[in-house]
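Please go over the structures that come below.
In what follows, chain A forms one complex with chain B and a second complex with chain C.
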Partner chain A sequence: MDLILQLISNVLIPGLLFALIAAGFSLTYSVTRVLHLANGGVVIVAGYGFYTGYSLWHWPIWSASLLAIAIAILTGLFINAQIHERMREHGIVSAAGMLVATISVLLIIQNILLAIFGSAPKSFADLQGTVHEFGPVIFTDHEIRILVLIPILLIIFILLLKKTKTGKALRAVADHEQVAEVVGIASRKMRMLAFGISSFLAGIAGILFAIEYNLDPSMGIMITVRMIFRAILGGVGSIGGAILGSLSTETIVALTGYYWNVSWVDFSSFLLTFVVLLIRPNGILGKKKRIV
Partner chain B sequence: MKNNAIWWIIGIVIVVGLGYLIFNQPNKTNDKKSESVATAPVAPKVVESSEVTIGWIGPLTGDAAAYGIPLQKATMLAAEEINAAGGVGGKKLVVAYEDGNCDGKGGAAAAQKLISINKVQIIIGGTCSGETLGFTPIANENKVVVFSPSASSPDLTTKGGDYAFRFYPSDALAGKVAASYAMDTFKAKKAAVITANTDYAQGLHRVFVESFKNAGGEVTVDESYNSGTTDFRTQALKIKNAKVDVVYIVVQLPTEGIALVKALKDQKIVAPLLTAEILIGREIAKNNKDVLEGVIGFEAFFDEKAEGAAKFTAAFKAKYNEDLAFPFMQTIAYSEGYLFKEMIEKYGNDGVKIQAALAKLTDWSGGGLKNMTLDENGDVVWKSFSIKKITNGDVPSIGVFDMK
Partner chain C sequence: MLHVSHLSAGYGKSQVIHDVDLGIEAGEIVCLLGPNGAGKSTVLKAIFKLATVHHGKVTFRDRDISSLHTHELLELGIAYVPQGRINFPSMTVRENLEMGGFLINHRHTLVENMGFVLEHFPALKEKMNEAAASLSGGEGQMLAIARGLMMRPSLLLLDEPSLGLAPKTITEIFHNLRGMVEQGMTILMVEQNVHLALEIASRGYLMAGGKIVFDGPAKELKNPEKMRALYLGK
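Our next item is the complex of A and B:
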């Protein structure tokens, strides 16, 4: 029983972090039909924004977080306005073209960060706080922050999509862009909103991620790869699927790591995705045109 | 679109503004990068008469640039001093620096270029074991001498052919030292071993596990992680439940090491944490002193206060305004410049003759090193190791271990 609780705690920390990132990715995909691979880059940009505010400028944690989130949102909106909207204007809507563009952005972000900050790891050990024991389970202050903050954010996010008018408009565009336009929803604005929201989530995830796992520029690609596998496993375009995909992947990772060997965790998590896709080609919760 | 202009302006202002503010920070984190830009590969030389070109390979970009660039700076300093003092037998010493990326592919590509375009007979490098192992076959085939300042995998000299040499002691020794220290000092019976999946870390891993088992110990947890792993909570839990007496960690990149040590400490694992040289790198220990406090590492014993070494340390500080991050490796990278000056003056820029001379090298002193002798594999004969413990961001020596 102790072991189960300990393993669950090990699943929740990375699982929730990736759920937040993958949820944003799924939202942008369903509204804009763009596989926003640069989302991992936005995460890492937020981490470095936080590093700049907190460690270099010695700002208090709140203002550094606001700076990081603001930079993340601006990066996301900039990518949308300058790359994806432009490509739409020029009539380039091929999936391959969009994909190449978004991978390029990810690499550009990584190299800019490398040029500015260098490759040495940045750590925020002082923000991790003290270690608490809850029976067999151990959490640091920061891990408790992750456990509380991310579920609240995800619930607000889902409620926003389900209950508010804007949320309904977003879902309408996701369902059928042309029909949504006919009933008077500005799809361009909704696409911008989708990028804004996903970048906001990526921004928060970036700060939490950086404090928990340190920062270096090469993490952007690693985050993107894991994000996309988790999102596809759950069903691209489904927010519940993103959460489920993250948690189930982390469960496999924890079980493999504990009962077998950590060098096999990538193998087993990719195998899980592969097997699920054989049975359900749209992912666990993936149905056509569904975002909540 | 009319608001496109606004987007461009916002974007440019942010990039320029951030760049400006960060570049003007007192602790310049960016000087590594500008350094690597300034050292673009040297163009091939057509006129052989006035210059002698040797090659250099190490990671100049990416995460491992944290090791490659300090070593490059050391070699650059040696070349500058040699040229200021009249060059190599009257010719100017030119070092062609190539980025080997810390992996076998990168190393092979770099060596290929140095050998076929720059026509070098000597390569100083590579920095990482995997990188160096990637190009030793090419070097042997072309009879080009490879002399690494820092690659430590046992395979390098045993499988690297006749043309591979190094002054940095093989991990066949370092792994044994760690195992003996765990046995002698901590009376360890059970060990957990967690290492990166790279040539360097696996070399140490193999030697440590073998020596520990031969001495009657038991390795109860033995894990190797792939690079890019960030979350080590499950491994920490596994190690905690195994109730080991000592944990041996070998990382390839500092980021992983810091995350791993943090996870172990969060699980309140009290067993001593032993490691190799990377986490006790001076800068890394200083920047992560809270996490790494108490970690014990082993490096080849090297007297930083000895005459030649102290002179190099002072010259390095004067030129780059920074302390040595990896004192021993950097001193080797510096001294190898002088070694090859001597070799080329005696035997000419000829890989075959220099290989023959190096195979018999005994008691060579020069640069910052003293009494270096190479054995039949091309490994340096070495006996003493320093035991270092990270204490409050510093890396003081807590003892010396002599091989029997």
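Our next item is the complex of A and C:
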């Protein structure tokens, strides 16, 4: 029992962080049909925005967080407007072209951050707070923040998509862009909104991630690779799939680390995705999935 | 009500329809006939700004609407139902109808219009919470039309409502449409099924090769000799 609780605590922290990142990725994919691989870049941009505000300028934590989220949203909107919308205007819809573009953006972001901030990891250990023991499980203040904040955000996000007019319009564009235009929904605005929302989520994840695991520029690619594997495992284009894919991958990672060896966790998590895709090529949720 | 003059349009640089002139008065059902690829659908799309208009003028109730966008046309009272009973598959019937009224800002107007639309398509009432993807072909087409009616348009542009449907369903849909026209709506309809179209329409335009080659009252278009000659281009 103690072991199970400990494993659960090891699953939830990274699982929730990646759920938030992958949920945004899935939203942009279903609304814009762009595989937004630069999303991992947006996450670390937010991390460095927070570092700039908090560590360099000595702003209070809330102002630094707002700065980080604002920079993340601007980055996402910029990527959408200057790259993806432009490619659409020129009629470039090839998957390969989009893929090259989005990977380039990710690499450019990483290299800009490397040039400005250097490769040394930035630590926010002072923000992790005190350690709390709940029986066999240990959480820091910051981890409790993650455990409370991310589920609330995900629930609000899902409710917005399910219940509000704008959320329905986003789903309408995801379902059928031409019909959405026919009823007067401006699909271009919805694509912008999808990038805005996913960057907002990536921004929050970036701050939480940086405090939990430190921050260095090479994390952009690492986060993107993990994000895409988790999203595809659950069923890309679905928020539930993003959450499911993140939590199940972290479960495998935790089990591998405990019963086998920590150096094999990447192997087993990628193997999990590989095996699931062999059986269900459209991910755990399969073909019938929807955004929410 | 709607007057189209010298309309040339297509997709991007390619031109599909050339110098099309047509007019429709309030309370009429007018159909566009003609073989596949004649450009009938493109006429509707050009009027609704879903195709690229190269040249020409469109007026609606004596107002020049040539430069307006799709959402502005919807607000003026023009709606369009695309071909192939396309809906938002993962969304429920209710949500599909709500999206049909996307430009309505008042909740009570939306509820009122939904009630009106469901009165004309009662078959949808029992399916309100089902996903559009689970509907039958006939129900799917009814939903597509009902979605188009959510703005309570005065002019409905309807693209091949009978395509791929059982005769009984078609009869039902056409009966519903006639009911709407009796209440003051006007319909410009593309239809491949000449016989069906002329049952319901008062006038028709025959298109071939992107041009209008003949227009006249339904009675005249029903003449098989004449139609054969026109279809064969003699």
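What we mean here is this: the second predicted complex is superposed on the first by the 289 of 292 C-alpha atoms of A that agree within 3 Å, B and C clash if a C-alpha of one lies under 4 Å from a C-alpha of the other, contacts with A are read in each partner's own complex, and residues count from 1 in each chain.
Criterion: a contact is a pair of C-beta atoms (placed from the backbone, for glycine too) under 8 Å apart; a residue touches a chain by one contact, two chains touch by 3 or more.
Computed from a prediction, not measured in an experiment: that's the story for all the values here.
Contacts of A:A186 after superposition on the shared chain: chain C is touched, whereas chain B is not. Residue contacts after overlaying the shared chain place A:I4 against neither chain B nor chain C.
When the two complexes are overlaid, the chain among chain B and chain C that reaches more residues of chain A is B. In the superposed model, A:L278 makes contact with neither chain B nor chain C.
Contacts of A:I152 after superposition: neither chain B nor chain C is touched.
Looking at the shared chain after the overlay, A:A96 reaches neither chain B nor chain C. Here chain C touches chain A in the complex through residues 48, 50, 70-71, 74-75, 80-82, 86-91, 95, 98-103, 147-148, 150, going by the rule given at the top. The residues of chain A lying in touch with chain B in their complex are 3, 6-7, 9-10, 13-14, 52, 56, 71, 74, 78, 81-82, 85-86, 89, 112, 114-121, 123, 125-126, 128, 131, 133, 138, 140, 213-216, 218-219, 222, 253-254, 257-258, 261-263, 265-266. Put simply, chain B touches chain A in their complex at residues 1, 3-4, 7-8, 10-11, 14-15, 18-19, 21-23, 25, 29-30, 32-33, 61-66, 194, 197, 222-226, 228-235, 237-238, 241, 253-255, 258-259, 262, 265-268, 283-284, 287-288, 290-291.
Residue ranges on chain A touching chain C, taken from their complex, read 165, 168-169, 171-172, 174-176, 178-186, 290-291.
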